[in-house]
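Should a chain be cited, it is by its letter among A, B and C, assigned in written order, with residues numbered from 1 in that chain.
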Amino acid sequence: MLSLRNLTIDFGTGQDRVQAVKGINLSIGAGETVALVGESGSGKSVTGMALTRLLPEPPAVYAKGEILFEGQDVLKMGTEELRKLRGGKIAYVFQEPSTSLNPVFTIRNQIAEAIRLHRPEVNDIDSEVVHYLDMVGIVDPAKRISDYPHQLSGGMQQRVMIAMALACQPQLLVADEPTTALDVTVQAQILDQMRELKKRLKMAMLLITHNFGIIGGIADRVVVMFRGDIVEEGTTEEVLRNPQHAYTKALIGCIPQLGQRRKRLVTIDHSILG
Amino acid sequence: MLAYLIRRLFFFVPIVFGVMLLTFVLFFVVQSPEATARRVLGQKATPKSVENWLHNRGYDKPLLINTTPGQPWHDSLFVTQLGRLVTFDLGTSDVSGRPLREIFAQGALPSLLLTVPAFLVSLAVSVALALYLVFIRNAAVDFMATFLCVALMSVPVMVYVIFGQFVVAQVLNYFPAFGFEASGWSAPKFLLLPVALMVVSGLGADVRLFRALFLEEMGQDYIRTARAKGVSKARVLLSHVFKNGLINLITLVVASLPFLIMGSLLLENFFGIPGLGNVLVTAIQAPDFAVVQASVFLGSLMYLGGLLLTDLCYAWADPRIRLG
Amino acid sequence: MKWLDQIWVQNLCLLAGYGLLARLVVWGLRSERWQTAWKHLRRDKLGLVSLCVIGLYLVVGTLESIVLPSASGSVTLLQRLTAGIPQEKSYSAPLATTALSVADPKPLLGRHVLGTDALGRDTLVQTLRATRSALWIGGLTSLIYIPLGVLLGLMAGYYRRWVDDAVQYVYSTVAAVPEILMLVAILMVLGKGLGSMAIALGITGWVGMARLIRGETLRQVERPYIAAAKALGQSDWRILTRHLLPNVMHLVLIKFVLGFSGLVLAEAVLSYLGVGAPVGTASWGTMIDASRSELSREPLVWWNLTASSCALFLMVLALNLFGDSLQRAFDPKRGA
């Protein structure tokens, strides 16, 4: 369904150029869930955003390669096509729910905007909004729809984000660290919810995380990124049981225990990796 | 919200008192009433006439507290001045002897006719231009536009006015370039040029400021969310960026209100519009200290009123404040 | 302010001003932040060009500020250098050979690149001389408002509690009076003159600086290095001057440059309003005021207005552009 070929992404030009993604190849089949794992700054988010050309240009430059979605190159799409792709076929859930929702619009407004854009056939938008809020486990959704984001807890905000992504019935959901900003108990609830939804809706998912601990039971395959490169790839079980690359081993070593929230608990010694 | 506003009002009380103290120190301590009298009455003033002038205005009372036996302690210059300002008794002009309340009331309408349209038009124009600049987001255009804005900012108001008046009145031979009539429909005819000049003179600074503001909004996470939903660029700007930017804009706009007074001050003088600005310029030249003193007090009240209005607008525009 | 007119006072002030500026720049450039900013600035062509323009103005203003004794009391270096340019009777157009008089165009004593004014003085020389007022106002006012604003801002942000309340109260009160009204009121009471103008602008000007520094200090105080300094038992004064001040100094510099342009403009506007530069002091504001009526003369006299407006515009523009460049250099991410 989706495949990246030799994708290279730079930031800036000339002297200040930084290569954030260095010619990676990656594919995701329909209904498949792929986990993209790597430490902070390894280029995961950049890869995820690139799928629909979301990175601000400038400074981002798609230097080389192609992004094929159902045979079409995303990098060659026009504005209208891109708009249909974003949200309609590939939807996103971002890391920080408290800043990712627009503070001055109600939840109804923000979800309805997505539905109106991609599913013009829907007549009763309000009930559709309620339906999706209910699906992601929001209690009493009919009452909640006229709330503003700041009136919800972090966990609820992230559920709203997920509902907004699902409301357009996308083929691929890109979840960029969907639980990092949340409390551990809420993290577990959201992950359970996503696991169940994935089964129910049969859509593909790209789960971006720095945490090997959360991918069990969701991801079919794991892709490990390090400094803009893919260093290891395999089924979740294989990689977890028998990591090949030293970097992966180190990453697995830092699966956080319950009760810990911070990133980068174990510093990785880059010198041993070359 | 109501509680907040009331608290805010209470916060204003010491500030108003501070302003009164400031003007008192400036006009009665730094410059003694005798000196004021001599400057107002001119060279020919006799000691007798100075004394009369001071007595008529009550300026011959003790400065802070009346310690003369047999007289109440509060019969002093400071307390009477304070009492008069609190009751909005602004006194009379040093020069013409007319009540200041009358002078200011007369000047208010022409001033408002000039500043309100100018303010609204310039706000609309600068917001539109700023949004447009954010929309095209092209390095070359950005550079040119920023440069142009800085250039426009660097021209003093009076140069705008002199050149504007010159071009329109002498080269194009078009508008009445001077004077004012508030009656009927002739006011717009007189106001068109000053309003246009006021808009142009503020354009550079405003466009630059608003552009920066909208650009900052563009970098927010929720804009990424909107784009990821497939919202078009124009709609992202006009709905998401605009509404959030507006909230920040409100504070900046009120902060610029005092500049509005400054702009209109010169403009009114140039165009012979008998507004508050003209009253002030005339008072500077006279010199008429009573008018300047009262202007300072009224000006600060207007500013504080503007602050209160900002709070109200803020609450109205931002659900995070409106709903707790 | 009679003592300000003494020859040696003026020259000494000038020397002290430059000394202070050089000292501050040298002190700043020792920090890493200023060095990287300088590296950025060196690549910024527009910034360098505006810096050169500012430098030119500084040279001209300095020439006019160096006072030499002469037979008739005192004369400035610039006056002495331009003493060869003859004074005409009245107006003459740029590069004209005869006076501007329809009835009786007498031949001129010399050529004048930008013509002459009503009193027959060379417009170019007058315009250059007016640089002095602008620079002195900018310099003197900065000497008043920067120390005041920085000190109060630092103290409010560092001590918080009642110190912060007091500082905030004072600046809210000052800010509550619209700036132009405040300036006019102070100047009316103090009378015309460069000194009183600097005082008036200083009284209104420190508010912005104090706000800026207070905000930044509040942020800096949260940083671990302040906690560390406190834990080491360093005195408050030492923390304020050795730790906090260097970390807000770049903001002071940017504000100084941008504020300078505002002061130059304010000087012109106030002089124009008749409460600024005293009679006899060359100032762009008074020149613009005087040349206003010349536009309705027949034949038209445009050069005085154009020269003074352009000189004023160019200086303010250069300062604004350079201030922006500094901002970009110190904070490359934000100042797009």
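By our rule, a residue touches a chain if its C-beta (ideal position, glycine included) is under 8 Å from a C-beta of that chain, and two chains touch if they have at least 3 such contacts.
Nothing here was measured: the structure is a model prediction, and the numbers come from that model.
Distances between chain centres, each the mean of the C-alpha atoms, put A farthest from subunit C. Comparing chain pairs B-C and A-B, the larger number of C-beta contacts belongs to B-C. Note on chain placement: the centre of subunit A and the centre of subunit B lie 50 Å apart, centres being C-alpha means.
With each centre defined as the average position of its C-alpha atoms, the distance from subunit B to subunit C rounds to 24 Å.
On the side of subunit B, the complex with subunit C involves touching residues 14-16, 18-19, 22-23, 26-27, 30-31, 142, 146-147, 150-151, 153-159, 162, 166, 170, 215, 257-259, 261-262, 265-266, 280-281, 284-285, 287, 289, 292-293, 295-296, 299-300, 302-304.
Contact residues on subunit B toward subunit A in their complex (touch as defined above): 139, 220-222, 224-233, 240, 243-244, 247, 317-320, 323.
Of all residues in subunit C, those touching subunit B in their complex are 46, 169-170, 172-182, 184-186, 188-190, 261, 265, 268-269, 272-275, 288-289, 292, 295-296, 305, 309, 312-313, 316-317, 320-321, 324, 336. Contacts from subunit A toward subunit B in the complex involve residues 52, 54, 58, 79, 82-88, 91-92, 94, 96, 99-105, 113-114, 117-118, 148, 150-151, 161, 164, 168.
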